[in-house]
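Chains: A, B, C and D, in written order; residue numbering restarts at 1 for each.
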Amino acid sequence: MTTTFTTTRRIEFHETDLAGIVHFSNFYKYMEQAEHEYFRSLGLSISMHQDDGTIMGWPRVSASSSFEAPAFFEDVVEIKLYVVRVGVKSLNMEFEFFRENLRLARGRMKTVCCTFKRGDKMRSIEIPEEIRSRFVEVDSPLNKPGSGRGNDHA
Amino acid sequence: MTTTFTTTRRIEFHETDLAGIVHFSNFYKYMEQAEHEYFRSLGLSISMHQDDGTIMGWPRVSASSSFEAPAFFEDVVEIKLYVVRVGVKSLNMEFEFFRENLRLARGRMKTVCCTFKRGDKMRSIEIPEEIRSRFVEVDSPLNKPGSGRGNDHA
Amino acid sequence: MTTTFTTTRRIEFHETDLAGIVHFSNFYKYMEQAEHEYFRSLGLSISMHQDDGTIMGWPRVSASSSFEAPAFFEDVVEIKLYVVRVGVKSLNMEFEFFRENLRLARGRMKTVCCTFKRGDKMRSIEIPEEIRSRFVEVDSPLNKPGSGRGNDHA
Amino acid sequence: MTTTFTTTRRIEFHETDLAGIVHFSNFYKYMEQAEHEYFRSLGLSISMHQDDGTIMGWPRVSASSSFEAPAFFEDVVEIKLYVVRVGVKSLNMEFEFFRENLRLARGRMKTVCCTFKRGDKMRSIEIPEEIRSRFVEVDSPLNKPGSGRGNDHA
């Protein structure tokens, strides 16, 4: 059982901006893409129809990212996802983005388990045990000295 | 009663790409933005809740655009919308994009009037008379010689 | 030597809209993604640095798409690219989008071979023979009766 | 002299997702839009050509957002920008998003003043006095008790 999840993504032309680099707003989409791939790897979906007609989803409570080096068109970026805390209702994930050995960015995202009917208000719920048991907490890679792959990050 | 609808939009940084110009995919969003503003100007919305619990919407059947000159960051682009044909169930619109007197692009979009319940299949319907009466057909600006503002366009 | 190019793409959450389907503007990005993958498969890039310090690129002249069935979150969409005409300076491509056997959309895109220095105006050029020789023209799949995979399309 | 900058923005259809709300990644674009409007209001641009042929820009060091209530299609969202610290080379901004009296989200963004030639590496510089003098620091609205407009936020 692996304790981190890794995926890759090739930078597309429309994701770049006039500075010639990936626009920063895309990194939040990449975090979400990694999260969804991670869920699929566990046999889950980020949007699951329940027996009672409701949908179980995971809206974002917060998301942050810090940027260390730019990503360019056609780069193949490696995204590492770490589940650093499984709360009663929420999930705390951290992310690192790499191009080969260079760390490009780090991120954090907190989501909360909710059920709702289409068009109705979301209601947070305790993460069902059947789902909770699939997540494996790891130590935060962002709080440790010497994190990343050799980046000296204050 | 005006026979065309005009709106403006300032180009945002994230809409540019590494060529230093607006990425072409944004022009389709701009057409939709103009369409929605046009609907609001008629007292309509592109997504209207009906008395019977369904939603009336206007999904796209087709959309095309041709590009004559690039748009740049912070440009204020003028978008002109022309309703060129109100069909039984569909709406044919044409568009011109200008920066001052220079035409940047032209576009066409066909939408169809539909009703649906959330999560269900869309069903095309005849445009209700109460709505149809608000649209005013104009001649296509794209098929006429000397269209635009002096652009010599084959 | 294959005469069409095929790639796939999984629909991401941020590409959907409140109608629960992929927003139509994404299909133009998907066409471009397929074009760029096709170029890479030929040993080319859509943005190539030349010996004389200029960049060779392929700006879009026009792009159109028609929509036959919606695409949904997590769908794996197959994109087929056909080079239907290699002009002196331009490239005409057509596209079909499928989810399994159902055709979702068709598209057309015309690009033109250009060179430019960063920040300068683009200048169209004849496609260099070394590059032209890699493209293989095929018949248009969109103009033929019985095109697609059984869709009866007027 | 006002100590905060306020702008508004109407939510567009393509910014919503299948949950029927604005996709969270758009809030980072909205922060940037507000920042750029703020710069223009000061007679500046986020991308300024210098006398020596370089460009002065403000790449993002980090950006975060937390989400309190969803935004919907056609909502008019008010964005408040606060410059909370003008560093030697960097700018720290905070943001609040409102629909009428309801706070939807809060954000933080740190940018750094850089010069670069197109295609070259960015180099951070001290913010020129002529520019620095235009910014007015205000207290952080996010760290104070009773911030927002009545939201009780831990």
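Just so we're on the same page, a contact is a pair of C-beta atoms (placed from the backbone, for glycine too) under 8 Å apart; a residue touches a chain by one contact, two chains touch by 3 or more.
Every value quoted in this text rests on a predicted model; they were computed, and no experiment measured them.
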From the centre of chain A, which other chain's Cα mean sits the farthest off? B
By C-beta contact count, A-B versus B-C, the higher one is B-C
Counting only Cα atoms for the centres, state how far chain A is from chain C in Å. 30
In angstrom, rounded to a whole number, how far apart do the mean CA points of chain A and chain B lie? 35
For chain B and chain C, let me know how many angstrom lie between their CA-based centres, rounded off. 23
Can you list the residues of chain B that touch 2 or more other chains? 13-14, 18, 20, 25, 29, 32, 47, 73, 118-119
Sort out for me which residues of chain A touch chain B in the complex. 13-14, 16-18, 20-21, 23, 25, 73, 118-119
Going by the contact rule set out above, which residues of chain C touch chain B in the complex? 18-20, 24-26, 28-29, 32, 47, 57, 59-67, 70, 108, 118-119
In the complex, go through chain D and note every residue touching chain B. 12-14, 29, 32-33, 36, 40, 45-47, 73-74
